[in-house]
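Look at the two complexes coming up: chain A is in both, with chain B in one and chain C in the other.
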Partner chain A sequence: MKTLNCTGIVKKFGNNEVLHGVDLTLEKGKIYGLIGRNGAGKTTLLSIASGQNPATKGEVTVSNSDDIAVQPMKVWDNQDALDLICFSREINVTAGNQGIGGLKVKDYLRAARTYFPNYDKELEDRLVKEFELDVKKRMSKLSKGMLSMVTIIVALASRAPYTFFDEPVAGLDVVARETFYKIALEEFAESERTFVISTHIIEEAADIFEEVIFLDKGQVILKENTQELVERVVHVSGKEEEVDAICEGRKVYHVEKIGRSKAATVMLEPGEELKNTADITVQPMNLQQIFVAMCGKEA
Partner chain B sequence: MNEILSKEKSIYIQISEMIENDILRDILLEEEKVPSTNDLAKIYTINPATAAKGVNILVDSGVLYKKRGIGMFVSAGAKKLIMKRRKAEFYENYVRAIVEEAKNLGMTKEDLIKMIDEAN
Partner chain C sequence: MTGLERNLKYWFSYVGKSIGQIYLMIVGIVAVMSFLDGSDFLMTFSKNLVMYLVMASAMSIMVFGFSNITIIFPTTVSFSSKRSTSLIGMTVAQHVMCILSFAVAFVFGLYIEPNFRPMAGPAIPVVLGGICFLFFIGNIMAVLSDRFGRTLGMVLYMLFVFALVFVIVFGYNYLAGGKGEALVQALFTNLGAASVIICALGVLLDVIGVWILAAGIKNKDLKF
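Entry: the complex of A and B
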């Protein structure tokens, strides 16, 4: 199987443990949405999964062969494995012309090109045009949205089989975000690449994720097919006893009570359907509402 | 294929309904090729797997058929098939509900038929 596997990933910064034994399998040819609150550990997880950071404990392996006799490769400190992965981080540019800030965009892109064996310069040129990015500008002169465009261009043009986008749409205006989703889908359709996209703008990207991964406080709490998840999780409200009866024996995520009325976020069995009755109302929820119910603070 | 996706229903169901609507409106003709799942994915910015799920519903119900290596095509008789199924659904989802509510309101069958006549 062509997969990238994280097994028991623990990451500590000093005494602060930010990932608590994450197991995650990414299959080839899927688009994953990585969703988590600020500080949940998304960037740390992606940087470890891409071999840019060492894990305190645990292992990341990647396999690019369907032959089961071929052993998966360890990612850490292994160039053959690293060649398969691109993690396009958010670029932080300090004011002034030191470091990356002093580079012109085209020089930054030229440097990026050397890191990825499959880098596609033509695709880069096309994306630069599509985003109307001025490559003669210095990085320090770019807005937050323009810096996001640069990371998107590198990630897509890398043509790496496993490509991780870290909040690619942060700071992009709505038209540029649409452009990104369309181009990403186009590139995805033409290749067999795996994309992991972390984002806080959940709803507009929900439909492009085949699967979603919820990361909460350093743990993967859910990894599901997006459409199936949205079909299975419902908001049930009404008379307390009736709502309790439905919650009984089911996975319940978030409960609210107002007087005699009660509301709960409930996960149904696959294929199960719950209908409105005189005493309860059953409503569908979107991905964002499901995320808040699962990862928000308890009321 | 120019409708907008809403949040009311599952995306793949909307995809299959949109293709059906286009067939009913003669936008897509019988024996004509329908857009590929990758085209649909791009048009609606959705995952190709979701688009494929919507298309496969129509393959399973016989509205579309697959030509290996070429793509999906509208079956001969697709329009009739869709109308037949939709009529059955119309009966289940609407007509029954109307009759039920008419009963709740103490209306007779004649009252209901008169009402339908007026609306027509």
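Entry: the complex of A and C
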């Protein structure tokens, strides 16, 4: 089966362990939202999953064949596997005019064209036009939003079967964000590509995520179909004993006590429905509220 | 294209463009300087060009060695290149471009110094050895700066250079004044053999430098 698998990924920086045995399977042809607070390990996980940095422990493999007899390929230091992946990460131009900052946008895009085997120049041209990006400018002269556009263009035009976006809409204005979502969905519909989009702007992007992955303190705490998750997780409030009765035997993520009342975030069984009663109020939750409830604090 | 072919294509284009811009600037400056000098233009131009070209090539080995490994190399890795093939592409492109520029300087050197022409043969391996030695130094600088940061890396690099100079001077004096005296004299009378030895030493050091660089970046967490 066409998947990218992370098995037991541990990452340490010195004595600081930032990923604690992450297991994750990304299936071909899905859009995943990777959601986590600052420092949760999103970029580290994506850089390891894409073979750009090594894991301290664990392994990343990728398979591009539906034939189960075909062994998955290790990603680390394997060009055949790396050719299937694009992780277009944030561009750092703090070095001023040296290196990347001194490159013109067109030179940076030309480099991407050289490296990604399925690179689509026509798509690149279209995106440059849609984002109204001046390719003659030096990278060091671009705003944060414009740099995000460059990373989006490289990621989409790479036509890599597994494409990871690292905070792609950071710094983009609302029009550019809409353009990104629209083109990403178009590209997704036309191809069998897998997108992983890490973002802080959860609600805006929630509609395009087929599945969400919540990463908290270096661990995947949830990987669910977005629609099912939003249907199953509810906010229950009311009399303490009634709320406790509902919580009994169910996954409870966040509990709040206000005087004699209680509120809880509860995950229902698939297909299960809770209705409002005189003592209980059941409210649906959006993705951001679910994330906040699960991770305790604001994203 | 294979990963290596992609890297060779990119690095030749990047290094060629970077060095090319510097050399174009040098040619322009040297041409103006030689024109203003008022004497034989071609001779003055050639003399100046040799000096500036050699200086610029030696400097570029140091400067580009550092910025390429800390900035451009991670970019190629972020474009899903294998580290080893990118390093090979970088090393080959830098070497070829620098050897070409030294070759141009060498040809102009022969033009301005006809007396030197009979020694051109033995000089070629010496020049090659010198270029390789510069690359070795450049790679050591890149490794130290990359690992310890610019400031501490530069201090360690200076210490390394001092130690190297000390070893070379001390080693030469030891050989020339002791049991190796005959060997040193033999080398001075047989320039062909001496130049081949210098070239071989340079190449050996260069290989060691590349190997240290490769070992340093093999499992390193790259900063992008």
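Everything that follows uses one rule, which is that the second predicted complex is superposed on the first by the 295 of 299 C-alpha atoms of A that agree within 3 Å, B and C clash if a C-alpha of one lies under 4 Å from a C-alpha of the other, contacts with A are read in each partner's own complex, and residues count from 1 in each chain.
Going forward, a contact is a pair of C-beta atoms (placed from the backbone, for glycine too) under 8 Å apart; a residue touches a chain by one contact, two chains touch by 3 or more.
Treat the numbers as computed from the prediction; the structure is a model and nothing was measured.
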item: Touching partner for A:E186 - first (chain B), second (chain C), both, neither; value: first
item: Residue contacts on chain A - larger count, chain B or chain C; value: C
item: A:A111 touches, of chain B and chain C: first, second, both or neither?; value: second
item: Touched partner set for A:F13, first chain B, second chain C, both or neither; value: second
item: Partner chain(s) touched by A:T265 [first = chain B, second = chain C, both, neither]; value: neither
item: Which superposed partner A:T199 touches (first chain B, second chain C, both, neither); value: neither
item: First, second, both or neither for A:F209, with chain B first and chain C second; value: first
item: On chain A, positions contacted by chain B and by chain C; value: none
item: Residue ranges of chain A touching chain B (in the complex, touch as defined); value: 30-31, 178, 181-182, 185-186, 188-189, 207-210, 226-227, 230-231, 284, 286
item: In the complex, chain C residues that touch chain A; value: 1-3, 6, 9-10, 13-14, 67-68, 70-72, 75-85, 219, 221-224
item: Chain A partner contacts - residues on chain B that touch it in the complex; value: 5, 7-8, 10-12, 38, 41-42, 44-50, 53
item: Complex interface listing, chain A residues touching chain C; value: 13, 50-54, 77-79, 82-83, 85-92, 95, 98-100, 110-112, 114-117, 154, 160
